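I've put the structures underneath this note.
Across the two complexes that follow, subunit A remains constant while its partner is subunit B and subsequently subunit C.
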Partner chain A sequence: MSYYFAIVGTRDSPIYEAAIGNPLKDDGKHLHQFVLHAALDFVDDIMWTTPNMYLRVVDKFNDWFVSAFVSAGNVRFMLLHDSKNEDGIRNFFTDVHELYIKSLMNPFYEVNDPIDNPAFDLKVRTIARRFL
Partner chain B sequence: MDQVSLSAFAFLFSELVQYSQKHVKGIQDLEKRLNLVGYRVGQRLLELLVFRDRGSKRDVKLLNALLFINTNVWKALFGKPADSLEKSSEHDDEYMISDNDLVVNRYISIPKEMSQLNTGAFIAGIVEAMLDGSGFPARVTAHTVPVAGFPFRTTILIKFDAKVMDREKRLADK
Partner chain C sequence: MSSALPTYSTTSVSGGSINNAPPSSVSAVGATSLASGPLLVAEPALFGLLIEMGPALEAAMTGGAREAVFFKMEMLGYNVGQRLVERLAKDHARFTDTLDVVKFICKEFWMAVFRKQVDNLKTNHRGVYVLQDNNFRWFMNASGATTLQDATQAMTPFLWFPCGLIRGALAGLGYATVVMAESVGIPQCTFQIKIATGR
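Our next item is the complex of A and B:
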């Protein structure tokens, strides 16, 4: 059960990435970013058709699914996973979204800055352990 | 709901305007600076208010986004919804939000040689950031439009980019 999670900013560059477990180990780790980037097009299309933030599975790559969540400020949270777990993933996204808003409240943090705070990383992994 | 002392805010805002005035030459620059400060506030306010008031729903339609600003944002900032939201009859992509007595303008007195200035540019910056963030890029400015009984009525003029109107039309036709 491994996952690859990334937060993509408004200019389509990754703000934060985390590999939980060891996804795509055979095909090469560099594919994570490529797959998520390709899925961004689908996210851009779907996000205008629904007022929901959680977009469920937007793309499929071999055996892996890509799920997406869009925040109010168009910051995309994307998860690469191999098992379907809609409720768990939705809860995961909601909690990480709340964590992101708390980071935003820091007046020294600008939108689209990379997040490299180890406390943030630790909290994301704790949330992942709880829901995924 | 948290309350902040009005005099503390008025003092802080007047210091903000004075600080900006030292670094600029001219009214346009001053308004642009206030707009920039408001922009940073708006980026954070957008995520926070949508999270608090709407849970997991975002605004996909232009009118809903404007209504959200009109009621929720104004209520969170000033304790009451804005006085009016109008669509311009001449241009399809222009909307106006008006407030008879903006808190930020109440304690700022404008000298006669700067009568074009409206410090509501700060609020215009907040609105612009919220629209930009939700995917409706626009140019937002603040103007003083006196009306009988309200000499300091401020109108926030919102002009949307062409691609926003295109997308709205496309989504409405589908």
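Our next item is the complex of A and C:
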């Protein structure tokens, strides 16, 4: 049960990344970023077809799925996972979105800045443990 | 240095989610219940902050022209608008086109910030929108001038912050815009939004 989660900003730069467990251990950890960012093209296509923020599974890589969630300000939340758990993943995205909004409220944090706060990281992992 | 913990947010400290309505930090006079639910700011305190912003910036920017003060107020509004819109649009469906976005600004955003909706929206369908508010809340308690002309003249600089607010909100949703404001007589004011149509 391992996952790789990333938040991609409005200009397609990664803002935050977390590996929970150790997905894709055979191919190498660098592949996580590659797969998620390759899936961004699919997110860009699919996001215009629906007014929902949660885009479900947008791409498949071997036996891994990429799910995506796009916020109102075009910040993408992407998750690499191997099991289908739509409700859990939707709740996970919703909670992380709220967490992201809370960090936005910090006047020193600009949009698209990387988030390297350990408290944020801890909270994301807690949310992951709860829903995934 | 980016901290994930909110510094200005007035959402409830007990880990409550931002889902608790009302979502803004600018509403409700005198409601300071310590029970669960978002902490609210008394409106007179907000007015005090807004009105003081003009003279304080002018004093801080020694030797600066008035335009520099306006620019700063607009940038302050821009930053606030960017963050606020992400929070307010959280439960709204994603936007399909610019008219949708402007309608959101006129209704939900205006309701959250000014506790009313915009009274009149006009557009030329080519990227220019005019928002008219006949009873602008932030002008409600302005006093001190004898004639309507003088009062309008005095309050016009304070329209820069709401301009920035709108511009920031639209930027937060992905649209680069130019926002201008004018008032023919307080408490009425008009905001003009020009969105680049990408032609």
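Methods note: the second predicted complex is superposed on the first by the 132 of 132 C-alpha atoms of A that agree within 3 Å, B and C clash if a C-alpha of one lies under 4 Å from a C-alpha of the other, contacts with A are read in each partner's own complex, and residues count from 1 in each chain.
Here, a contact is a pair of C-beta atoms (placed from the backbone, for glycine too) under 8 Å apart; a residue touches a chain by one contact, two chains touch by 3 or more.
Predicted model, so just to flag it, every value in this text is computed and none were measured.
Q: With the two complexes overlaid on their shared chain, look at subunit A and say whether subunit B and subunit C clash or fit.
A: clash
Q: By the touch definition at the top of the document, which applies to A:A72: first (subunit B), second (subunit C), both, or neither?
A: Both partners, subunit B and subunit C.
Q: Just to be sure I read the superposition right, which of the two partners does A:M105 touch: subunit B = first, subunit C = second, or both, or neither?
A: Both subunit B and subunit C are touched by A:M105.
Q: In the overlay, answer first, second, both or neither for which of subunit B and subunit C A:T10 touches.
A: In the superposition, A:T10 touches subunit B and subunit C alike.
Q: For A:H97, using the defined touch cut-off, is the partner it touches subunit B, subunit C, both, or neither? Pick first, second, both or neither.
A: Both partners, subunit B and subunit C.
Q: A:N117 contacts which: subunit B (first), subunit C (second), both, neither?
A: In the superposed model, A:N117 contacts subunit C only, not subunit B.
Q: Let me test your reading of the model: by the given contact rule, A:N52 touches which partner, first (subunit B), second (subunit C), both or neither?
A: After superposing on A, A:N52 lies in contact with both subunit B and subunit C.
Q: When the two structures are laid over each other on chain A, which of subunit B and subunit C touches more residues of subunit A?
A: C
Q: Where on subunit A do the contacts with subunit B and the contacts with subunit C coincide?
A: Of subunit A, residues 10, 47, 50-53, 70-74, 97-98, 101, 104-105, 111 contact subunit B in one complex and subunit C in the other.
Q: Under the touch definition given earlier, write down the residues of subunit B that touch subunit A in their complex.
A: Touch residues, subunit B against subunit A: 40, 43-44, 46-48, 50-51, 54, 56-60, 133-135, 167, 171.
Q: What part of subunit A is in contact with subunit B in the complex they form?
A: Within the complex, subunit A touches subunit B at residues 10, 47-54, 70-74, 94, 97-98, 100-101, 104-105, 110-111.
Q: For subunit C, which residues count as touching subunit A in their complex?
A: For subunit C paired with subunit A, touching residues are 1-9, 11, 17-19, 79, 82-83, 85-87, 89-90, 92-96, 172-174.
Q: Please name which positions on subunit A make contact with subunit C in the complex.
A: Answer in residue numbers: 10, 47, 50-53, 70-75, 97-99, 101-109, 111, 113-117, 119-120, 123.
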